[in-house]
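There are two complexes below, and they share subunit A, which is joined by subunit B in the first and by subunit C in the second.
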Partner chain A sequence: MKQRSKQFQSNVAGWLLVFPVVALMLVFIVGPAIFSFGLSFQKYNMLKPQEATFIWFENYVELLKDPYFHQALYNTFKYSIVVVPVQTAISLLLATAANQKIKGQTFFRVAYYVPAVTSAVASASMFMFLFNTNGIVNRFLANFGFVPVSWFNDPRYALPLAMLMAIWSTVGTQMLVFLAGLQDIPGEVYEAAEIDGVSPLQRFFYITVPLLSEKTMFVVVVGMIGTLQMFDQAYIISGGVGGPLGSTTTVVLYLYNKAFGENRLGYGSAVAVVLFVVIFTLTMLQRYFFEVRPKRLERKGA
Partner chain B sequence: MKMFKKCMSLLLVCAVSIVSVGCGNDTSQTTPASVTTNDDKEKEEVVTPAKEQVTLTIATYADPLEVDLVTAQASAYMKENPHVKLVVEPIAGDIWETLKIRMVANDEPDIFYMDLFQVAQFIDTNKLAPLDEALSAADIADFEPALLDAFRGPDGTLYGVPKDFSTLALYYNVEMFEDAGLTPPETWDDLEKTAQALTGNGVVGLTLQNGIDRVQPFFYSNGGSMMSDDGLPTFNNPKNIEAYEYWIGLFEAGYAKTPQQLGVNWTGDAFTMDMAAMTIEGNWMIQALMEQAPDMEYGVVPIPYKEVPASMQFTVAYSMSNNTDNPDVARDVIRFLTDTNQQMLIAESGRAIPSRNSTLITFLENWPDYKVFVEQAPIASEFNYGIISATVVDEAAKAMERILLDPNSTVQGAFDAAQENIDKALANQ
Partner chain C sequence: MDKKTSLPMKIVVYAIMMGYAVVALFPFLWAFYTSLRPTREAYKLNFDLSNLSFSAYVDLIVKNDITRWYFNSFVIAVSVTILGVLLSTMAGYALARIDFAGKNLIFMCILGVMMIPGQITMIPQYMLLNRFGFVNSYVGLIVPFVFNAFNIFMMRQFFMSFPASLEEAAELDGLSKIGTFFKIVLPLAKPALTTITIMSFMGSWNNFLMPNLLITSRDMYTLPVGMASLNSQYFSFPNQTMAGAMLLSAPMIVVFLIFQRYFIEGVTSSGIKE
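So, the complex of A and B:
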């Protein structure tokens, strides 16, 4: 009995301690999410809430038929598929490099991390400056006989530039995650490998990479969620319209323009729900491949 | 460890300074208007002890010149009416999105700027209060009817009192024209020939912003229209398509380029940097020219025409929230902000063209460069496409971009597709 009341007491203490965070989450995250789910089944004009009508799945039907949405989805996936693997690979390499005992190690760690704390607007402005028609990049390329390109106005280059920008600004954060992972790997493992005469490359691929898989999972999932929600770079590059030729229209930019440009909060919520379903499914799939399946294989092997 | 501590304290100091700078900005934005001097307070006690203190918020664009002007006007009002406290609140970023969100929360400012191309949706959704009582018959006679009509609802109720307006005209670089022995173009044919003659040696004849807010005069000059008689957008009017074919022809021939193609932010930069000999812009470019190229000699003429001369107008008004606690005071503030004396301040600032005819003479005495723009007012079509104006502007921009960048697209096809999306958006309102 005494045991039980102690358990109860510690439960109460626990809930009391997390109460502020839970309350904030309920009010600002869970509540709005549920509300928005309800909105997605309504025709809801932001300025005429009193005229809202329940229309079941009409928003979803219209959404799935809209070619602009298809393009937004395509752009977003293209962006995600390039950015996530590249930024994961680069941040892993950077973390390995920054983990070596070399001179100026702290400097490099800070230098790689600075882009992550720069605001997206600032870094986008900087890229626009670099890739301006009269900008540094074109001047540099002109030395090799290239004709100046209007990078941000060319549908072929606008999205790749947004990718470059995202990779540049996020590798720092992910490097930190990997760096923490690297420092968790016990030194004995490497020592044992050294005694067995393993080459540095083998050491990296057979020890570092597998032992980091949890961190990799985290980085990939967070990276994927972040890229599928890409908005700010596209907004700045295109001035909000998702151009040139819709090449930087992402799902969230599409949502923003529908909800706040056309006042259609219901339709915008439907976009948000679809995006949520996509992200949730992909995250679950990744979890399966990174966590569930390896464990099952392990058990089978044993 | 010592090093670490030092770093941390440095970080903390940085964080604190950033936070305090942030606060500093906040207060500096709102305080100027709410400063009440001791004099005012004394007067308040003596003259109007019975009146209740009222606080009203006026939302403006976050443009320093506008903010200063409105702040000065607000101070003048507060001096005359000590029981009223006016807070000027500049809204940075997308002011319309901010306004809409705050309207949803019933937390909008009492008085705010209202752009011609946004007003219809706010009238349609009953967010604005009638302002007919703010103006007397004499006042109404002093405004250009077209300016007022733009802010009237379907039943003729007035929902905004224009504070100023702007029109479009053609700017040209006098030196380039003199060197080439050319005179400013008057017709479309002239424009094409002049642009052709001036293109070369790193200069392009024309720099044009490829959007509805610059192309529209060409539509109207060709006998086209953006709105049907019953007030619905008609973007793919055959005359509009014909006019746009002429416009895009200038680009295809290489006589015209967008500022983006020239690698600058806007046409004003291309013009002051001698990258283009001509551009079509509004009167706001005069200020930019004074700042960026004070020695540059430029001329302004009406936009070249085909069938009839045409321009377009952009009007900004003061509107009052339907939700304000003090409609009578707010209406009086709007009356004050748009009365002859205050319009004189706008006339003197040279920011935009004051909306009252009685102030235009002073305005033109102070700012002779604006003459052409003032003269465009009677032939200017509106930058206003009803309740889905924002969608029309976006769809037009997308269509025009497609025609410019995609060699497989046709003007007809792109305009038809845009019209289809516009109709769809209208049906969904």
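So, the complex of A and C:
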């Protein structure tokens, strides 16, 4: 009997402590996520909610046919495919350099991480200023005979500029993740390799890279998820419209403009569901290739 | 290989490190320099220190209600942070230390929720806030952002590794459960608490998408939303736009410089799984 009342007390205490976060999670995350699925099968205009109708897969069909959505998807993937490998490579390089017991560690870490604490709005306005047609980047390049280009007004350069901004603001964070991983690798591993006459480059590729694979997978997955959700920079450099000529329309910007510009909440939800499925699939694939498959191969080998 | 790094190797390492430091910092330094220059010289690629002034800042502040935006940003970021840290700590403690019915289910949910991207909850969240009249209000800009799965996870991990013997000893000394929590556990949780405090504050301070959607009047603007609205308006006054960028990023950079150790801890511990 006493045992039971003690368990009862624990239940009460536990639930009192977790209740607020559980309530917030249900109301603002789980509920909306489920609701979103339902909404994606409806024609729902924000201004005329009473006229909402259930239309099965019509939103999805329209979405798959819309060339603007294709463009948004293409831009987002292009952005992700360039940004993720480049930022991962740069941050790994910097982390390896920073791990060489050099002086000024704190300065470098602070310098690299400052872009990461900066609001995307502030960094976008700085880049727009530097890369303005009359801006100093063009003036500098003119010294080498380059013709000034209007970076974010030219469909050829607007997305690359956004990529540059993303890389610039993420490298600091990822470098710290890699550095933490490098510091976990015991020095003896390298010493043993050195005695065996392994060159520094080989040590990097045969020791550092494999031992860091878990960190790499984290950095790559977080990087992909982040880039697929790109919004702030695209919104600011294009003034919200995703131009020039749709070259900076990302999936999230497309969603935003459909849902809140055209008041089509059902259609916007269908976009959100597609994005969710893409992100979820990628995460699972990454997990499989970096965690499940290596373990299985390991077991087979053993 | 650290002991006998060769000289050429050292030069390469420093060149890489310095090179990237310039890349990372140059935009700030040039933006700051521009914010002090007269408008007509803003695009010049030279280094002229003769007529620098704070007039772009003054103009910007006089013409826009920037003090109000600062106030809004602070109220929102501080409220989100305090509520979030408090509730995450409570939940993290319960999930680590108390055996209650449904604990595992809740923990699995919190882990699962981390995989839900914000975009899928955005539209229903907006409808919900709109339905109850919280669009363009502090409540609407604070409450939906208090829940943070990562913070709960992090506090749970901390309490899991916290030795139970310390608490038992305090209880034997006659401290109550609540007394133990406030006098023994919380002071020792300071590093973890500082990390989640800083991460929450930064998230809220830099948040743009949802506030941009939820704010409908200039007097409710947070700094990022306000500055984004100025971006297009002040295109021909780059010194003022850069002053705006400085005003927006400076508080976060100062917080970062003071607490940089905890930022770095926050980043690296988020890289550790399980």
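One rule holds for everything that comes next: the second predicted complex is superposed on the first by the 279 of 302 C-alpha atoms of A that agree within 3 Å, B and C clash if a C-alpha of one lies under 4 Å from a C-alpha of the other, contacts with A are read in each partner's own complex, and residues count from 1 in each chain.
As a convention for this text, a contact is a pair of C-beta atoms (placed from the backbone, for glycine too) under 8 Å apart; a residue touches a chain by one contact, two chains touch by 3 or more.
Note that the structure is predicted; figures quoted are calculated from it, not measured.
**Q** When the two structures are laid over each other on subunit A, do subunit B and subunit C clash or fit?
**A** The answer is clash.
**Q** With the two structures laid over each other on chain A, which partner does A:Asn132 touch: subunit B (first), subunit C (second), both, or neither?
**A** Both subunit B and subunit C are touched by A:Asn132.
**Q** Is A:Lys48 touching the first partner subunit B, the second partner subunit C, both, or neither of them?
**A** So A:Lys48 only meets subunit B here.
**Q** May I ask you to decide whether A:Phe218 touches subunit B, subunit C, both, or neither, giving the answer as first, second, both or neither?
**A** In the superposition, A:Phe218 contacts subunit C only.
**Q** Of the partners subunit B and subunit C, which touch A:Leu275 in the superposed model: first, second, both, neither?
**A** Touch partner of A:Leu275: subunit C, not subunit B.
**Q** If we overlay the two complexes on their shared chain A, which of subunit B and subunit C does A:Phe260 touch? Say first, second, both or neither.
**A** In the superposed model, A:Phe260 contacts both subunit B and subunit C.
**Q** Determine, for the superposed model, which of the two partners subunit B and subunit C contacts more residues of subunit A.
**A** Counting contacted residues of subunit A, the larger count belongs to C.
**Q** Which partner does A:Pro32 contact after superposing on A: first (subunit B), second (subunit C), both, neither?
**A** In the superposed model, A:Pro32 contacts subunit C only, not subunit B.
**Q** Common interface residues of subunit A with subunit B and subunit C?
**A** The overlap between the subunit B and subunit C interfaces on subunit A comprises residues 46, 132, 134-135, 260.
**Q** Under the touch definition given earlier, write down the residues of subunit B that touch subunit A in their complex.
**A** Those in contact with subunit A are residues 94, 97, 100-101, 103-104, 121-122, 124-125, 127, 258, 260-264, 388, 390-391, 394, 397-398, 401-402, 405-406, 425, 428-429.
**Q** Which part of subunit C faces subunit A closely enough to touch in the complex?
**A** It is residues 1-2, 5, 9-10, 13-14, 16-17, 20-21, 23-25, 27-28, 30-31, 34, 43, 45, 87-88, 90-91, 93-95, 98-103, 106, 109-110, 113, 115-128, 143-144, 146-147, 149, 152, 202, 205-206, 208-209, 212-213, 223-224, 227-228, 231-232, 238, 241-242, 244-246, 248-249, 252-253, 255-257, 260, 263-264, 267-268, 270-273 of subunit C that touch subunit A.
**Q** Within the complex, which stretch of subunit A touches subunit C?
**A** Touching subunit C: residues 7, 10-15, 17-18, 20-22, 24-25, 27-33, 35-36, 39, 46, 90, 93-94, 97-98, 100-102, 104, 106-115, 117-130, 132, 134-136, 139-140, 168, 171-173, 176-177, 179-181, 187, 190-191, 194, 200, 203, 214-215, 218-219, 225, 229, 231-232, 235-236, 239, 252, 255-256, 259-260, 265, 268-269, 272-273, 275-276, 279-280, 283 of subunit A.
**Q** Which stretch or stretches of subunit A touch subunit B in the complex?
**A** 43, 45-49, 132-135, 138, 148, 150, 152-155, 241, 243-246, 257, 260-264, 267
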